[in-house]
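Please read through the structure below; I'll follow up with questions.
We call the chains A, B, C and D, going by the order they appear; numbering starts again at 1 in every chain.
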Amino acid sequence: GAAAFEWLCRLGDATLILGHRLSEWCGKGPALEEDIALANVSLDLIGHTEMWLALAGEVEEKGRSADHLAYLRDAMKFRNPLLVELPNRDMALTTMRQFLFDAWHFEMLSALVDSRSPRVAEIAAKALKEVSYHIERSQDLVIRLGDGTEESRARMQDALERLWPYTGELFAADAVDAAIAAAGIGPAADSLKAPWEALVTETLAEATLTRPETKQDAQTGGKTGRHTEHLGFLLAEMQFLQRTYPGAEW
Amino acid sequence: MTPEERAFQARIDAGEKIEPKEWMPEGYRKTLIRQIGQHAHSEIVGQLPEGNWITRAPTLQRKQILLAKVQDEAGHGLYLYSAAETLGVSRDALTEKLLSGQMKYSSIFNYPTLTWADMGAVGWLVDGAAIMNQVPLQRTSFGPYSRAMIRICKEESFHQRQGYAIMMKMARGTPEQREMAQDALNRFWFPSLMMFGPSDKDSVHSAQSMAWKIKMNTNDELRQKFVDETVPQAEYLGLTVPDETIRWNEERGHYDFAEPDWDEFFEVLKGNGPCNRERIEARQKAWDYGAWFRDGLTAYAEKSAARRAAAQTAAE
Amino acid sequence: GAAAFEWLCRLGDATLILGHRLSEWCGKGPALEEDIALANVSLDLIGHTEMWLALAGEVEEKGRSADHLAYLRDAMKFRNPLLVELPNRDMALTTMRQFLFDAWHFEMLSALVDSRSPRVAEIAAKALKEVSYHIERSQDLVIRLGDGTEESRARMQDALERLWPYTGELFAADAVDAAIAAAGIGPAADSLKAPWEALVTETLAEATLTRPETKQDAQTGGKTGRHTEHLGFLLAEMQFLQRTYPGAEW
Amino acid sequence: MTPEERAFQARIDAGEKIEPKEWMPEGYRKTLIRQIGQHAHSEIVGQLPEGNWITRAPTLQRKQILLAKVQDEAGHGLYLYSAAETLGVSRDALTEKLLSGQMKYSSIFNYPTLTWADMGAVGWLVDGAAIMNQVPLQRTSFGPYSRAMIRICKEESFHQRQGYAIMMKMARGTPEQREMAQDALNRFWFPSLMMFGPSDKDSVHSAQSMAWKIKMNTNDELRQKFVDETVPQAEYLGLTVPDETIRWNEERGHYDFAEPDWDEFFEVLKGNGPCNRERIEARQKAWDYGAWFRDGLTAYAEKSAARRAAAQTAAE
C-alpha cells in the first residue's frame, strides 16, 4: 500500500522531472541531431511517468490520476532523487547526468522486468526497450565528449565532479525500498550499485575522465521529499496552468 | 533562352524531376537555395514559440504531443537543410546567414505565444497556412525538395489536427479558456494571412518561379483557399474571426475578407516585430553555446579515424 | 467605473511588475550600496502597488483586494506597459529602464497630485516623495555609467537601444486615458511626453550616450493586455503560493 | 605579557572601549578581523536563502517585509565591513577571501529554504540564534564592532518577531501550512543549534577571546539559553521540536536536549553542505558580473575629480 505508492512515485517523479529538464532544451540545443535525440529521450521519460504515476494512483486508491499526481503535488510531496532536478547548466552537465541516470535506470528496469507484480514487470518491459537506447546514446556521448577537445573534456570532468555527490542517493535504501524488495516487487536498491559502478568506471576510463574522489552520498533527501531549492521553481512553471485553472480540461 | 535552358524548361513542363547532379540554370539553383533555406530556417526558429509552452503544458499527454511536434519541426529542418545541401550549400553556411540576418525565416514566428490557446492557434492556423503552401510543393520540380515536402506534409496535417483539437478543448471549456481561444484567434488571424506573402499578381519573380515549378500557386490563390477552409472551422468552434467584413460571396464562390495590414508585415520583416530580436538571439545563443559541443564531437571523430587508420597500417 | 479600474490597474501593475523585477536582483547585485538602493526602490514600488490596486478594487466594487488583483489575475488581465516586464538582463538594462520609467513616473505623479480625485491625489503625493528620489538616483547612475568606462558606456548604449522601442507605450493614449483625462482624474497620456523628452535628452547628452533613431512605439500592447512572452513566467513564479494554496492566509 | 599588553588588558577589564588607532596586540587585531569579517560575510551570504523566496512571497505585505529584511542584512554587512576596515582591511580584500574560500560564513546558510515556512523558521530560529550571539557582543571591547552590534541587534530582534509571526500564521493555518511549518522546524532545529559552534570548554582560543571581550559567553551557555527560550515558543506554536530527549530539568533549571550531529557540522564546514557550492557561486557571479559596473563608477569618479581639478586650476 503506502510503501508501493511511495516507491512508484520515486520512479515516476524521477522520470517526470528529468523528462521536464530535458524538455527545457527544446529549440536551444547545440546541434539539430542532438536536439531531436534529447526530445526523444524526454518524450520517452514522460511516457514512463504516465505509466508509473497512473499505477501509483491506482495503488493509493484515492482516485488520483497521473496528471493529478504530476500537477497537483507541491515539492515536499515529490520523491525524485535530487540528481534529476538540478538545473541543466550546459550540455556537459545534461549529458553526464543523463549517463549517470541511464546507467541506474537501465539496471533498475532490467531487474523490474522480473518483478512479482505483473503490472510493474509490464511497464518495465516497455520502458526498458527505450532505456536500452538511452544508455547506449548517453554512454557514447560521454565517451566522445570526454575524449574530444580539451574544452569538452574539461566541461565533462567538471560536470562529473558536480554530479558525483548526488549519485549515491540512487542506491540508498530505506524502509520503503526494503518493503518493496521483501515483497519481490523490486530489487534491493543497493543491489544495483555494483553493475552501475562497473559500467560507469569502464565508460569514464574510455572517456579519459577521472573518477571523483568525493563522497557519493553527500547530497540526498529527494526520495523522502527534501529537495534542492531548484525543484520549487521547476514546479511553479510546470504546474502553472493546472493551478491557475483548477478543474479545467485541456 | 539558350538551348540548354529550353531543354531544361521542357523537362519541367513534362513533369520530370530535376536531380542535384543534373544541369540547371544558376537562377533556378539560387532561387531554390533561398526558398529551401528559408523554409528550413522557419522550421528551426518555429520551434521557439511552441517551445515556449513545453515546460508549462497542462497535462502529461499535452506535453508529449507538443514535444513531439517541436521535435518534428527540428526533423523537418534536417530534411530541408539536407535538400539544400544537395545544391552545394552547407547547413552551417545557411545557419550563419540566418544568424547574420542575410536570410529570413517566416515572419509569423516573430509573434509571441501568450497563452496555452496559442498552441492551438499555431497548430490550426499557422500549420494550416503552411500546409496550403506545402501541399502543392510536393509536386515541385526539384527532386530532393519534392521528396522532403512529401514527408513533411504527412506530419504537418497531423499537427494541424492536433492544434484544432486544442482549440476545440479551449473553445468548449471554461469561460477563461474560451476567452483565451478567442484572443488567440484575434492575434493570429491576420499574421496567418500574411504568411502567404503580399499579392504577387504583378511580380515577375513569381512568374519565373511558377514556370520553374518552384512556386505552384499565387499567393492570393492560396490565401483565398486558406480563408475558405478556415472560416467554417472557426464557426464550428464558435469563435469569431476578427474581420467584420468577412462574408460568403455567392457569385465568386469564395469568402470575401479584409487584407492584412501590409505595413505591419513589412515592419516585422524589417526586424521590428514583437519577437524578432529574441528569436535570433535565442538561436545565436544556442549556436554559440553549442560550439564546444560540436567541436568536441568533431575532434573525437577525427581521433577515431586516425586511430583506425593507424591500426590498419599496423595490421598491414 | 470600468475606465477608472483599467487605469488604476495600469498604474498598479506597472509598479508591481517593475518592483518584482527589481526584487529579482536581491543578493545578486554588483555592489552592496547598489543592492540596498535597488531593494529600496523595489519596496517603494510594491508599496505604491498596494495603494493603487486597493483603490482599483474599491472602484471595481467586486470585493477584490490588492492581493487578489496581484496574485489571482493571469497575464491577459495585467495592464502594465511592456517595458517593465522585460527581463533584467544586466545592471545596464535594469538601470536604463529604471531611468526611462522613473522619468515618466515622476511626470505622471507630479500631474496626479492635482487630480480631481482626492484619493488619487493623496496616493500620488505619497508616491511622489519617493519617486523624486528614484529619478534622482537613476539619472545619476545613467550619467555615471554612460560616462564611465568604454564597457559601461557600450552596455548602457545597448540597453538604451533595446528599450527605446518600448518607451512609446508609456505615452500612448486610448479610450481609457481619454476618459480619465476628461474626468480630470489624470493627465492626457501624451502630455507627459514633452517633459520626459526634455529630461531624457539632457541626461543622455550628459551621459555621452546617443539617442536612438528607432521608433519609440514599435512595441506596445501591455496596457491592453497583450504582453511579451516573459510576463507569464514571472507570474507563474510570483503567484505560485496563492495559486497552489487557494484561500490560505499568510 | 609585555607591559603594553598588561595595560591593554587592564583597559579591557575596566570596560573601556578600544578604538582603531589605539595600540592593540596583533592577535587581537587578527582575531577581530576574522570574526567581524566572517560575520559580515554571513550577512551577505545570508541574503541568498531568503532572497530565494522574495519572488514567491505570497502577499504584497509579505513581499515587502521580506525584501526589507534582506535589505537590512545587506546593511548589516556594510556596517560590519566598515568596522573591519577600521582595522586596516578593505571590503574588497575580505570579499576576495570569501570567494576563494579562505574565509568562512555561517554554515547555516548552506541549508536550503524549501517552503515559505522556512522564511518563518529562518527568522525565528536563525535570527534568534544570531541574536543570542550578538546581544552580548554589544558590550565587546572593540569600539566600532560594539557600535555596529548595537545597530544590528535592534533590527535583528525585529526580524525574529517577523519570523515568528510567519510561523504562527503557518502553524495555525491550513493542514498543508501546518505541515510546512513542522517540516521547517524539523530541518532548521539542529542546524540552528550548530550555529553556536562546538562545545568550547576546552578551547584555549576561546579563553583568549573571552579575556579580550571579543567573545562574551561560551558556546554552550548560549546554546542552552537558545534552547530554553525556543522550546516554549515551539510549544506555543503547537509544533514539535525534533528531539525526543528534550525535557525540562528542574534541578538544572534548564531544558536537557540532544547535541546536534557534529559530523554533519564539520562536513558542511568543509564545503559538503547542501548549498555551499551554490552560495559561493552566486556571490562569485554577482562579483564577476558586477565588475564592469563598479569599474564604470570608479572611472566616472576619477574623471569627475580630474575635471574639477582642471576647472580649479583654470580658475586660479
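Operating definition for what follows: contacts are C-beta pairs under 8 Å (C-beta built on N, C-alpha and C of every residue); 3 or more make two chains touch, one makes a residue touch a chain.
Quantities reported herein were computed from a predicted structural model and do not represent experimental measurements.
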item: Between the pairs C-D and B-C, the one where more C-beta pairs touch; value: C-D
item: Centre-of-Cα separation between subunit C and subunit B, whole angstrom; value: 37
item: Interchain centroid distance [CA atoms averaged], subunit A/subunit C, Å; value: 42
item: Averaged-CA centre spacing for the pair subunit D and subunit B, given as whole angstrom; value: 57
item: Per-residue overlap in subunit D, given as positions that touch at least 2 other chains; value: 56, 176
item: Contacts with 2+ other chains: residues of subunit C; value: 74, 232, 236-237, 240
item: Interchain pairs in contact, sorted by label; value: A-B, A-C, A-D, B-C, C-D
item: Complex interface listing, subunit A residues touching subunit B; value: 16, 20, 23-24, 26-36, 39-40, 42-43, 46-47, 49-50, 53, 66-67, 70-71, 90-92, 143-145, 147-149, 151-153, 155, 237-238, 240-242, 245, 247-250
item: Sites on subunit A touched by subunit D in the complex; value: 74-76, 162, 165, 214-215, 218-219, 221, 226-229, 232, 236
item: Subunit A contact footprint on subunit C (complex, rising order); value: 74, 232-233, 235-237, 239-240, 243-244, 246
item: Interface residues, subunit B side, partner subunit C - complex; value: 52, 56, 112-115, 176, 179-180, 183, 187, 267, 272, 274-275, 277-278
item: Interface residues, subunit D side, partner subunit C - complex; value: 44, 47-48, 51, 54-64, 67-68, 70-71, 74-75, 77-78, 81, 91, 116, 166, 169-170, 173-174, 176-177, 282, 285-286, 289-301, 303
